[in-house]
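Presented below is the structure to which this report refers.
So that you can tell them apart, the chains are marked A, B and C in the order they are listed, and the count of residues begins at 1 in each.
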Amino acid sequence: MNRNKSGMSRALVRRETTAGYLFLLPSLFFFLTFVVYPMVMCIITSFFDSNMGKNTKDVFIGLGNYIELFRDQIFLGALKNTFIIVLVSVPVVMVFSLWVANCIYDMKPWLTSLFRVVFYLPVVTGSVAVTVVWKWMFNNRLGIFNYIFKSLGIIEKNINWLGDSKYALGCIILILLTTSVGQPIVLYVSALGNVDQSLVEAAEVDGANRRQVFWKIKWPQIMPTTLYILIITMINSFQCFALIQLLTSGGPNHSTDTIMYYIYYNAFKLYRYGYGNAMGVILMIIIAVLSAIQFKLGQSDS
Amino acid sequence: MKKFLAIVLALCMVASLAVFASAEPAKEITLWTYPIGQWGNAEAVEALMADFEAATGIKVTVEYLDYTNGDDQVNTALEGGAAPDLVMEGPERLVANWGAKGYMVDLADLWDDEDLAQVNPSCVAACFNAEGACYEYPVVMTAHCMAINYDAFKAAGADQYVDVESHTWTTEGFINAVNALYDYFGEPVADIYCSGQGGDQGTRAIINNLYGGTFTNAEHTAYTADSPENIKALEVLQGLEGVYFNAAENGGEEITAFRQGLLKMAFCWNIAQQLPGETTGDRTYDDEEIVFMSFPAEDGNAALCGGIWGFGIFDNGNADKVEAAKEFIKYFCDGEGTAPAVRTAKYFAVRDVAGGNDISEIWADNDTMNAYKVLMPYLGDYYQVTAGWATARTEWWNMLQRIGDGGDVATEVATFCANANAAAAA
Amino acid sequence: MLGQKSKATRAVELIVIFIIAVLFTFPLYWIITGAFKTVKEVNSTTPVWWPYEWTMDNWTKLMGKLKAPLFEINIPFSQYWSEDGNPIVAISGATVPAAIRWMINTVWMAVAAMLLTCLTSALAGYSLAKKRFVGRNLIFTLIVCAMALPKQVILIPLIREMSSLKLYNTLAAVIFPIVGWPFGVFLIKQFAESIPGEILEAARIDGAGELKTFNTVVFPMIKPGVGALAIFTFIQSWNDYFMQLIMLSSTKNLTISLGIAKMQAENSTDYGLIMAGAAFASVPIIIVFIIFQKYFTKGITMGAVKG
């Protein structure tokens, strides 16, 4: 491009610049007003003791909120829960969706699309409608899980899935999984379908077995898809909010609090805005670091 | 009546003046209401609002809140500068929370000596704060109670521990009954529900009454849940096999489980739920008899947790709207709208005469409400106006969840008190 | 030998996948049947797999409970000069059950967010890919950084901002942050990168203006990307429960999932009503999804290939 640039007349450069800015303007307006500005405000307020109340004034307290954060056991617990959710759900989603996709991609087309639709259903149904049913399924007295497990003799006493801090987070992750695998399966099915068949056939002629074909031929070719899925699944898992708000409200005893929910909890149950914003900043930093790592990984790969 | 006429007259003048000035007077206000009896039912409320509009020309737009998200919704609206003009709920929200945070209009000017004499004194006390500002004008009140599945009690032989005439029982009787029921049914028979929001009065009442503990001090300045009486009560409940701390259940779900016959007693009860027309009235889904009961106490004399509901006005900086909202309050709390408002709320009026009309006989033809009068004398101190209430309630659920998880009672109540009292002092 | 073994494993795999697929469809099945169950059946302590007696009670309740005008057309920007800070309604439709209004709101919100996002992103993505100007790299870096950020982080400042812009409790408060989210710009930029410079050069030499070049040359080439983005944004905004939860409050402004969530909170005990609500919220979008399945899958895949 630099070659071209030197060849452009000054008028042309001006026209390019003006047009460039004008094309960018509408998008930039929304981006700056509704993303960047609140982000900046979030960082600024995180240094203030800012609470709800008509007559309260924000007081500058420097790093006060941040210092408190790292002494707040509930916040640290929420941080831990967030990481547990991400660390469990990302690999499981990746492996499960790859396995499903690998099984269904070479079926009859109508079967492939049937399965694709089925696994995508929870995504389109939406968290709210889905949680209605899950709440019932996990109910300690009426729920279907206890009913089935009891009739199979796996458990003796009813388990209060969502009311027991041992199980609640696991339940949330399970539901999150069902709402997260839809897109990866669609992506993998299409990626596997695009794998160069001649390479596969050549390998089979050379006597490679299924596993070898998969790891040696297919896996490298679907690598970009894998990276993309890794990123979207991670973002998705970080954003897990609706399930928690609707099913457990962070309980029991904060065992399902995530940073996301704890921000909301601080803002609207304890009315601590500055403190909530400080958590937001911490989360921003964490995600920025993770994104940078992924970006590096992606670059070194290509 | 004279006062009312005077107000109407004055308003007519103001209104006509305003019309001549060709400026639209504030003829539209918004009301957000929690589901207080039928005040959560759009059909019933629209009828009331239609009558009000016919009488005053003020149009009221109503939004219906719930106890799970309602508080968050009001808080976001306050933060978003879109709070309603009127809100209907109890002093724990209106006085102790939004009022204390400076969002409410002082209604002290709505009270004259007659009102102060008429309205139940504990309601007056709850609606005014320590500085003499009033953030809620009360309309109805009740004493929260609990309920038992009488058929199940009889089947398990636990009916000997309850006095269904006086609707009272002792702590010892309660413990025996729970054990008898548990032995008979083999499943927990009562839930200390603690997933959060709504119905907290039920859990407080059972815990406080068992051994005569209190929730706050008499001055309503500090939380006293860590008293030996409360610790003992929690330890007893924690130890009973028939009582289950259910962190996945809220008050509404407890009632459903009770109606389904899964629970043999419900702590989140009040008489309105037992009236005909409320789902299955005084019957469970399986047609078993529901009997309302006072909470158990050592001597049988419980201090029941009161419920007070009324209206408050958010200060949105529009004097016209505040005037219209005050007119609304006069109409429904001390005017011709009071009787239907009370009937819709399905509770007891806080006064006998409203707007010159005698409303003391409003429930005379209702057997259930008449029967319930035996418990009204047990109405206890209205302590829900203690500072830091919203935080205390949130912390209360967390504490119950920890205790249900096997936490040490003394430690957990101490944590609760530390957090709640910190919020009270802030 | 090898082929046979893989056939056996395949059969097992197929059965396992089939079972999992059944589990995935179960919630939907339960919602739809639950919507037609009687109070007794829905509250039964042993699961009732198929309603013995189909009832419309839940639907009557769903449609009868709350009412709202079918639609309202506001005078644009009237909230800035109206007396109470609310927009002035110019035309409003007949009063209908609120659930229907919620559905209209949701469709309107998702479509508006989709169109606005596609338009702004197409222009900006092209500009970032093909135009050379000062600050381009800075803006692009900013976009990449903001992309992974969860919206929830900025909820508190966003509410305050919306309130001072008098947009709180309007659908615009939900739509604008979605439009501002820079993923679309990034996606379109990836598509626009592949437009050969010579074609643009040729258009310029032909004397085509910038807008005309965009219309006739650029847009057709990035169309698949815009299509992918449209589907992506539509699903995202349809399911963006969080923004809806914090930004919308009055009954007439709710979206369908928020309305159902509120109903669930309010009547946590009336399972039949909640199931009817959930069915009402999910079945239409599922039908749309099944009909346009091909485009959905294409859109999702396209987004990934370039994203």
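The rule is short, and it goes like this: a contact is a pair of C-beta atoms (placed from the backbone, for glycine too) under 8 Å apart; a residue touches a chain by one contact, two chains touch by 3 or more.
These figures come from a predicted structure and were not determined experimentally.
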A-B or A-C, whichever has more C-beta pairs in contact: A-C
Most remote chain, CA-based centroid, reference being chain C: B
Cα-centroid distance, chain A relative to chain B, in whole angstrom: 40
Cα-centroid distance, chain A relative to chain C, in whole angstrom: 16
Per-residue overlap in chain B, given as positions that touch at least 2 other chains: 76, 79, 260, 262
Junction residues of chain C, two or more chains touched: 43, 45, 156, 160, 245, 261
Sequence positions of chain A contacting 2 or more other chains: 141-142
Residue numbers on chain B that touch chain A, as the complex places them: 71-72, 75-76, 78-79, 101-103, 194-197, 244, 246-249, 257, 260, 262, 315, 390-391, 394, 397-398, 401-402, 404-405
Chain B contact footprint on chain A (complex, rising order): 52-56, 138-142, 160-165, 168, 248-249, 251-254, 268-271
Parts of chain C lying in touch with chain B, wherever the complex brings them together: 39-40, 43, 45, 64-67, 83-85, 156, 159-160, 162-164, 166, 168-169, 245-247, 249-251, 261-262, 265-269
Chain C-facing residues of chain B, complex: 24, 26, 28, 35, 40, 42-43, 61, 63-64, 66-69, 73, 76-77, 79-82, 250, 252-253, 255-256, 259-262, 279, 285, 316, 318, 321
Chain A - residues contacting chain C, complex: 1, 4-5, 13, 15-17, 19-24, 26-28, 30-39, 41-42, 45, 100, 103-104, 113, 115-130, 132-134, 136, 141-142, 144, 147, 178, 183, 186-187, 190, 209-210, 224-225, 228-229, 231, 235, 238-239, 241-242, 245-246, 260, 263-264, 267, 273, 276-277, 280-281, 283-284, 287-288, 290-291, 295
